[in-house]
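Scrolling down, you'll hit the structures one after another.
Below, subunit A partners subunit B and then partners subunit C, in two separate complexes.
Entry: the complex of A and B
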């Protein structure tokens, strides 16, 4: 949306922000590397072997924490990518070790193949927009099919190069990690050296995710987890974000799998088994769904528990694992680490997280007119047209051939009794439904097939009937996400968010969770989020639902004001509100346009009274 | 192609489709009516198989053993619903996780009781010759059994007071409780009914598959994909998805190897969901 010169300043600004934080982040990385490098000196060899496995499981759990805990994708099949990574490492390393003498290429291959598998699976799931439960089932089923598949590859005919897949017996003779460079022939790493590498890499990945989650990407992903609909209606392509997260998670799991195959010099189909898949979920549940550190804590806790019970072959292990899974779900849905830290924070107030300080402007800006971004390139703004729109659900035709044109400026109201097709028509304009036939034209361009986020980027501002906020994020974070979608620059988005919050009189509540705001404040916050990118078409579905009379009057003023800058389409139930607005009205009835005109004129129309206002009209108007 | 080739092909296709119906109908009832996915479904199948095995070893007629097995797993499902599922309504993912934990416990519990090795029941009925082919009568019985299970589901949901109330609760939970339907009770019966169907499925598998504690793993992925591809319609969805996926699996299996058939089934399901994310019956409105 922004022009070329703007983009460069924006880039420079956000770069400055990153540079300021950089020393701390580099320092963190250095600490991790130093600690890892010191490990061989202090950890005895017999423990190193076990620790390596625990950390690798922790890394696998970390991938699930990221995908599930942070992005809300219920991937029950992280072990699929773990296993794919392990097998790929085995196949590549067995074939290459005698030629290249190193295993780096095999690790790389493992990550690439796992990422590719995640990309393909993720593409079909996220671009098909299948539901959460389906994602869980598909990922788990994929894992189990891989299990059956790899179990059936016994015998010499299932070999890739020199690597025998080995069926249920597994693949043996996988080389351990070894690195070398020209002039220095590689030697396999010792057990303690392997531990150092694994800890270093796992630490860097965990820290990298920590940094990523604090960047705008992390905030958007959090928004996605909290409220998928809202995120989409702010103009973010949620399918793409989900896919990226899934690929990152798949790559991390793949790398852990490669390490696992190298560590045990062996891999078998059990990595794709139901128990292994459950194990990762349990690690994450015990450690806490969103805690990056918790992933490792969970893995180490449970693995040491299982070792003390006699290893994974013990008869009791699965029963205890299953019991832990049920117990955590029923008793500690937050996980162990977050529960402990919540208790600690209650006992020691100093540990409580402090809200970020906002750069609140010293002098509050004027109440009206609407804050405008002067540096904005003027977006296209022609009329929005619906041409013969039709939408059927099964046998029911909810919208039956509606053609309407909304001028580039001004307010237009849509009214009608329950079941008239108002909401369906609204959703067709917004792009949440695909019409059965007909077209939606904006500025002369056919946008019928566009996703809601694409329409928002073209200048749509959308408020749905049901209040849709990120209830677990603060008011400021809500507004920031709305601003960032359009601006794409951290600092500018912060500034814009504060501008709008102060215009809405919501600065005192800026650091409150949106879910704790009063009802009216929530409505205002959401309207503010719709206005943040300065839309040219504003679609409001029952904006005054649940508002007090006073708030409704304030909304009348606001909508009237918006109509001077943009085209506003309001779907309303509240006749008093519509009368106050005093704008052109279209009455929908049984999916068709029933009448059009001014509200006073319509109130004199006998037929309209009959279908909508009820017989006798005036006594039901309130 | 001879007539006997055609008949043989058609029968093997139908058998494969019937197996999918048999292993997934219990899961589909629970998912379609309650929106819950029972991740221990594979183990419910396994319990049905072990119950049949136990009853046959005790000297019972195999068909009676199968009916008893279905009832036993139904009662087990009732207990699971009261102890576990009931506390997790409205927490979809949590209910999946809890049933997953249950599945681990069940596998190992059965290992402790029956041992980890594969056991078998002799396949009842003999073979029948069609032209050059000899076809097991039991695989024909499976086709009949699949139809019987579908008919039972249809009958229960259209002809019994419970079934009508269950469908009402699914369509409009708030209205259902407003007119006095005890949704907690209908949910309990739904879960028990779905479990009994899973038990019947496992019982029917017992003579043709090895009865072993982790046998659920071999079937549950296909059951999941059948239900997901079928969508919310219990009967229509399950039948359509079984026909679609079963045919693909059968054809690919006979061209290459059985494990390629399963992989093809999974791929076909994933590709189909890209274009029909709510499954085959998702756009047919809410029918049975």
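Entry: the complex of A and C
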């Protein structure tokens, strides 16, 4: 939710504007910090101890909110990094406290080790293209492996330096947070001082994430969560973004774990347990998966409830907690904070987020000019060639030796009856399929083995048959993500996004969620996204599917115009559209080129009619 | 018997059928012709209830189907053979047929099964073969037999001739005619193959852009090249 709030010009400067744009999260953050400052004065020590633990759990939940709620990576492994952080802190602090006289270096070590663990695990998962469900399973399995491993480290032989790992009994004698200088004895922080530091750090981290999510990085991560395919086709390396998110999440969990070990002066393998892993997910669900503040609300609420019920040893606790979870999921599927926030916005109009002011050009653009080219060095531009492409699926040969050259400028249509191999051929050009044999050459370079996102970076613009938009982001945000992929500059990307939206006549819809646009508008929006990086090859698979006649006619104009600047390849079976375009046409039939020429010429060709009527002679038979 | 009035239907926010009208009387064999993507399959899916109507009504035996789920429509006698046949590939031929019988809960299905195996010797021969191992033509026969297991009143067929050898296509023509004449089952057929249709039906509907644009005798269509180019070719 917060990642969507866009900061653009206009009322940015006025104080009132800033206040108005501040979302609930920031207000919540401020409250937390103020409470942190006041807590030591008002709460008795035993309560301060409790609050410290709750906030640390909140920090752990925050790491999952970031990884899951914002980037869409469902990880059971946050407790693994929490535990790794805790043990690392214990080992480092026990060994170093007498030498350095403080334990903050141990905190740092915990973060580094947890980040490293997240990097290794994340690398294998994301670069190995593991599916969503398996990410959940792998992270959970890793956690449980750590649990079993640490359980088995009882006995004096399992020691690192002076730190005994302690097996299922856990590691004892961990120093609390202490400060001092090398050589002098360490001074431990008081309980209330610890609380203030923990709350302060948690607040800063949460605020840092909040800022990060409003940066381009946050938008890209939101795009990743919403539509992986589209993000890839815009030229973003999704594996890298996922890994970065995962490492950040792991570091935060590790920090929380270190704080936890220091707080209790003790850590045991139970932190890696199934119950603990599930608890974090529950904190996040209850507080609200998309809300940074929600992580703390969920953790504090459930922990205080659990404490008042007599702690985790009470028989009642799991039942009541389970009941709360079910009630929240059924009644407030968004979680507590987003729900409360929505109610507050309904009651107090001033709290409603205002749609961002977009820097719309004052004079409407002239009729259909192509958005101005930036002076960026134009990417290589040469013919796209398919050389004797073949693709077989099992025994069926879908594309059977097609050689075609597409000139650097102009529109080319591919048509053909059912099963002609149009879509397969298209996917070979795009790079979604590897050909069984043959080559794809672009500007004299063999690109047969390149991934779609690599082709996009080389100047391909790709629109697949199934509409692929970020339906939960606004039209502007969609276009912005497409522009930023190539420009890499926030301001220039905003400007370009506006240019293309106004060119497509979509400015009135700029702040509407893409999912709420009319079908034709969505298709145009997607075509616009394909254009944003100024591609030199534009590949469109059935751009007019589902359009009304008027929408189709407008698309004809649009595609014709694109053909003046780039090489456009259109696969289409709306013959009316092809007639209107009036460009060179290639008819595919049974995976081969059947005929080529102008549409009028082909219309008079009796043989072309024959194949459309299913009289192609040797029809396929499995 | 089956009537579509001002039907609008599609996928999500996309409208494919725009004011589609069709009237099929009892015992008829009706063909709907048109190019790829004009909405033929969408029409069949709307009739079966797989996709909801955006507007309009579909009535079957004067009863509005709107609120009937897919399985209830099937039990009322609407059988659908989709373009890719949807044979259960891991089940044997016999089990494919039995699955249909269990679904429609009709009595006496065992006799019916025997009768069908008698009628389609190829299925009797392959009775223990896995559905997925059959050829395209055999799968089409199995799909037809499976539809007949439910004792339907109307059969909806999506391009039954597609991807099938010409010799087997002739066999399917004979089979369909027999189903229509001997069992008195109405057939609504969607096709692109004009020759196939001309062997079966005397009337055809031409569809373009989600609407019926012509209704005419199949012979007229067969002799009118311009019309063929306009709506079936390019």
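One rule holds in what follows: the second predicted complex is superposed on the first by the 503 of 622 C-alpha atoms of A that agree within 3 Å, B and C clash if a C-alpha of one lies under 4 Å from a C-alpha of the other, contacts with A are read in each partner's own complex, and residues count from 1 in each chain.
In the analysis below, a residue touches a chain if its C-beta (ideal position, glycine included) is under 8 Å from a C-beta of that chain, and two chains touch if they have at least 3 such contacts.
What you see is a predicted model, and the numbers here were worked out from it, not measured in a lab.
In the superposed model, A:497 lies in contact with neither subunit B nor subunit C. When subunit A is checked against subunit B and against subunit C, the one touching more of its residues turns out to be B.
Of the two partner chains, subunit B is the only one touched by A:131; subunit C is not.
In the overlay built on the shared chain, the residue A:281 is in contact with subunit B alone; subunit C does not reach it. In the superposed model, A:603 lies in contact with subunit C only, and not with subunit B. In the superposed pair of complexes, A:315 makes contact with subunit B only, with no contact to subunit C. By the touch criterion defined above, A:336 reaches neither subunit B nor subunit C. Within the superposed three-chain model, A:206 lies out of touch with both subunit B and subunit C [touch as defined at top]. When the two structures are aligned on the shared chain, A:519 is found in touch with subunit C, with no touch to subunit B.
Shared contact residues on subunit A (touching subunit B in one structure, subunit C in the other): none found. Remark: subunit A residues 415, 417-419, 518-519, 522, 542, 545-546, 548-549, 573-576, 578, 587, 599, 602-603, 606, 608-609, 612-615, 619-622 touch subunit C in the complex. Interface of subunit A with subunit B (complex): residues 74, 76, 121, 123-125, 127-134, 136-138, 140-142, 144-145, 147-149, 151-153, 273-275, 278, 281, 285, 315-319, 321-326, 329-330, 333, 393-395.
The part of subunit B that touches subunit A in the complex is made up of residues 35, 37, 39, 42, 84, 87-88, 91-94, 96-98, 100-105, 107-109, 111-112, 214, 216-218, 220-222, 224-225, 227-228, 257-259, 262-263, 265-266, 269-271, 273-275, 277-278, 283-285. By the touch criterion given at the top, residues 10-11, 13-16, 18, 35-37, 135-137, 159, 161-166, 168, 191-196, 209, 225, 228-229, 232-234 of subunit C touch subunit A in their complex.
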